[in-house]
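Chain nomenclature is as follows: A, B and C, assigned in order of appearance, with residue numbering initiated at 1 for each chain independently.
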Amino acid sequence: MSRLYRAWDSDLAYAFRHSPIAMFATLVVALLVLGAVFAPLIAPHDPFDPATLNLMNGFTAPGTPNAFTGDSFILGTDNQGRDMLSTILYGMRVSLFVGVAAVSLGMVIGITLGLIAGYRGGWTDTLIMRVADVQLTFPSILVAMLIFGIAKGITPVEYRDQVAIWVLILAIGLSDWVQFARVVRGATLVQKNKEYVQAAQLIGRSGTAIMLRHILPNVLSPVLVIATISLALAIIAEATLSFLGIGAPPTQPSLGTLIRVGQGFLFSGEWWILFFPACTLLALALSVNLLGDWLRDALNPRLK
Amino acid sequence: MTPLLEIKDLTVEFPTRRGIFTAVDKASLSVAPGEIHGLVGESGAGKSTIGAAVMGLLQRPGHITGGTINLKGRAVSGLDRSAVQALRGREISMIFQDPLTSLNPLFTVRQQLVETITTHLDVTQTEANQRALDLLQRVGIPEPEMRLDHYPHQFSGGMRQRVVIALVLCSEPDVIIADEPTTALDVSVQAQVLDLIKDLARERQVGVILITHNMGVIANTTDHVTVMYRGQVMESGPTAQVLGAPSHAYTKSLIAAVPRPQIKQHRFAQVSFGGRETGFQIADLARNWNKPQVDRAKPLFQIEALTKRFLQKPALLPRNRHYLNAVDGVSFDIKQGEVFGIVGESGSGKSTVARLIGGLHRPDAGHLFFDKKEIVAGADLTAYRRQIQMIFQDPYSSLNPRMRVDQIIAEPARHLGLLSGKDLRHRVDELLDRVGLGSAAGQKYPHEFSGGQRQRISIARALATQPRFLICDEPTSALDVSIQAQILNILKDLQEHLNLTMLFISHDLPVVRQMCDRVGVIQRGQLVEVAQTETLFTAPRHPYSRHLLSLMPRLDELATPDLTTLSAPVAPRPAPA
Amino acid sequence: MLSYILRRVVQSVVVLLIVGLVAFSMFRFMGDPIDNLLGVERTVEDIDRLRAILGLDQPFVVQYVKFIGNAMQGNFGVSYEQGRPVSAILAERAPATLELALVSGLLAIGLGIVLGVYTAIRRDGWAAHVIMTVSLVGVSLPTFLIGILLIYVFSVELNWLPSFGRGDTTDLGGWSTGFLTTSGLKALILPAITLGLYQMTLIMRLVRSEMLEVLRQDYISFARARGLSERVINFRHALKNTLVPVITVTGLQIGSIIAFAIITETVFQWPGLGLLFINAIQFVDIPVMAAYLMLISVMFVAINLLVDLLYVAVDPRMRGEASQ
């Protein structure tokens, strides 16, 4: 009981309870995440089952019944008669999955390399930081595109759709690790000189034990901020790549792919095919960004 | 004479999440032209807050909720922002503690001086430049014409603080607030900067408020002093009177707790004002301790020609690399059961010696013998590590903020394989009780404790493995005077009752005199003199030892504490050569 | 200081060589290099001759060196998809991207710095809060959505500005510029805003947070204690100290602009290098991909080197003069 109370009473939780923005953003994110996770259960239709599709349902406006079949869809249907609400829910699944997986990958690589570079110093540090510098010369979106392009080139055509999602995760994750590594390295350098680290060295604890048990818990707080903002960036990056046609395949469309499809129909009047996926994407990115922004201010010790 | 600055019943409050925090509670003091008024107290006393309030630089969300501040007869506390800003520089200015961060790194000294001069005084550029030059000369910076065009990072700490003083003076203020102006400087430089402030104050008839926690500074530099505790003024008056014959109980105990250089005390007098800390139960601890045999003639440690270099300037070619000999051929013995002290200035290498002995660094040359067995870096040192432990300097950095206190204390014993499970838990609880914190403290985190309490946790951690040898690396330098006395008494008790051998590292000579049996003086990595403590303090042989002794603050004016419970004072030391 | 510059130059060269290695590997191991170089129309004799000339049986390193040598002379082979020499295609498309990047960059950096400084100095005003909220939306909106939105509003609904293409361009000795015609300038507006808006938001938020950080420093408090006016403190001291770290990131942002041009060019069908690259990825046109890679690497490395040199010029601590 006391542990829970301690967490509730902590400065961070207090700031959270008193910030309407933080609570609202968390609510939105939670709703979207739940919608994505439970998509198979709550989507009114399965957009990938050809048996349930009726081409005649195509281009139905939101809310109004279809002229031919009389079926009604809250958010309308696309050109093939798929229910927009369902496609958006499934699309969010892909977007969130790729986003979270990519950030996790970047985080694991970045934290590991940052810890090692900061703690060991010397040549290891120089090497890792040079690699980071080199990669930083290139904008991450470009690195992601490049990795994707190369992967596409070496994969036989028949497998390309299947591996696309994993390549996407790899591409975005690999382009992302540098900022984690830099921040963790900086924080590690600060912690390395603290006396509790020397106390652990005194009793002969190994470098790995010190890095994981002592230093890591103390460098996580800036990582949390970057992870949140990175998530928003990863979601946008994935959407961008999918929009450009080099991301999620049509068989597993993400929100970006849906927007790509919708763009074609924007100027002929069927605005909802673009509009609703775009709104969802914006809501997702915006609320994650809001949360990240709030976290950064809340965790900044000098703003207290 | 009308006072230059008059503060009456000043109250400053900080609204926080958990209620209103009163940083300053109805404080009053006054400063006359040419007077240096000391504002002394321990951390949290509110002295810096008063300085900030006078300058109008209180950190948000603090604000003045009561009282008045009068500058040359005019009320200053109620003014709006632009009016306060008009006063700054011209009438009142401030010296900050850390010269490293006080100066803008991107501007030359000339630029910063001229800018301040032309803002406040109606002079031409040429005249401003001339004044800048004159000021640099006055504050004692050699080759001022050349130095004017240097950047802050090109000056050493003491020089930088002189530049800061020049900057403060160039707008010709009437009142200067100096907030711990020498705390961040080397001991040898501190005295010079303080003398400079004293001379300038008299010369220009400027009133100075000198904020410090150091009694020695108060004794040597100030005319008047105000003593503060927890936001309230305890006592105020001429320095000689307050220090020589204090009337308030807090002042008395504060002065008594200051370690004296000219007498050897058996125990440190503790500040008893404001409630005692729970005592330290040494007898119970000693009962369960495996006390080692102690033969005071035999050495426990033998250190021969220990050397450690650090790379100062890296380069691709080995011959271009510059090394710093942090420890250079140091040799000494530590006898069983003795307290061996190492004194030196910052950067002298004394901490490096401690770390070499602790196995935290690998020596580049030399040998280290513990109990006649050589300690070789890289070999399995578990047996050695079980017998030594260390107490660190900074209580705010020596405990892992994300670990629970009981986990912190248990770690050495657990990792070295000495105890586990129920036995370990029992030992931790027992230790927490003995050091006066109570076993319930084990569930808390370090940030919930004060500096002195954290140092007790550190001690508990060090005792968990029942070591034979304890390294104390400046264990009280970061603590308030009152806490310092407590911790030092605890260490003394431990050493006597548990037959511990100790290595005591410090830059504070009076403390070393009270704690150690023998002392080694270290200068730039070399051990220049080793002697019995009393011999060193009464008849130092090496010129550097004499130099260090001469830097000790003269505390003659301080009231001598009631010594009936302490050893009789020895004859006063002869004047330094 | 000299050693620092030297190290940076060496590092830049190493980076280029590594990129060259990646490009070369793509060239050599993805798809058939013969196809890459000769295109689809070739004879058996051509193949044999080329095989001998290329020395495909020679060690990796030799081929790599040849590749780099070719690259430095501007020879990147022939586009698999278009059948034309890649260098010609690049030369044709480069001006479009560079002009777009220039205008967007000026917009992003100029407005970004101004707004960043403003929201830092007047951090409690309502205008600052509004700008910060809008900027948060700006950071959350992907570039392509901004583009689509702008097209919808200004092209489709209002019909003020064109939604694709560059308009009419004038040929200035090999460089086709859109600056000299009205339609060219009109066509530039929406893409420039699309590309610049996102970057501007990033720069603005960065400048603001850096400046707030600087304003918290001791030397600012000391300057205030010395009685310097808020204006002098903000614009003389704080600004100068802020710009030092901002320079580095702004340099990276220029690189970012060139990369994000890919997206903008796709949305607006702007005939630049970005659109070229996307098409190359979709058709797996290796020579073009490799060439694009090398070209922008040179650009990025050059920008980074320039930024580092600028850093040394501005921050005296980097000049390595001995302290006393």
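To be clear about the criterion, a residue touches a chain if its C-beta (ideal position, glycine included) is under 8 Å from a C-beta of that chain, and two chains touch if they have at least 3 such contacts.
Since the model is a prediction, treat every value here as computed from it, not as a measurement.
Centroid distances from subunit A, each centroid being the mean of CA atoms, peak for B. Here B-C and A-B are compared, and the pair linked by more C-beta contacts is B-C.
Separating the CA-averaged centres of subunit A and subunit C is a span of 24 Å.
Taking each chain's centre as the mean of its C-alpha atoms, subunit B lies 52 Å from subunit C. The geometric centre of subunit A is 48 Å away from that of subunit B, both derived from CA atoms. Taken residue by residue, subunit A touches two or more other chains at no position, since every residue touches fewer. Of all residues in subunit B, only 17, 355, 358-360, 381-382, 385, 388-390, 392-394, 397-403, 408, 411-412, 415-416, 443, 461 touch subunit A in the complex they form. Put simply, subunit C touches subunit B in their complex at residues 217-219, 221-230, 232, 236-237, 240-241, 244, 314-317, 321-324. If you check the complex, the residues on subunit A that touch subunit C are 130, 133-134, 136-139, 141-142, 145-146, 148-150, 152-154, 232, 236, 239-240, 243-246, 256, 259, 263, 266-267, 274, 278, 281-282, 285-286, 288-290, 293, 302.
Listing the residues of subunit C that touch subunit A in their complex gives 11, 14-15, 18, 22, 26, 29-31, 136-137, 139-145, 148, 152, 156, 216, 252, 255-256, 258-260, 262-263, 266, 277-278, 281-282, 284, 286, 289, 293, 296-297, 300-301, 304. Those residues of subunit B that touch subunit C in the complex are listed here as 55, 57, 85-90, 93-94, 96, 98, 101-107, 115-116, 119-120, 151, 153-156, 159, 164, 167-168, 171.
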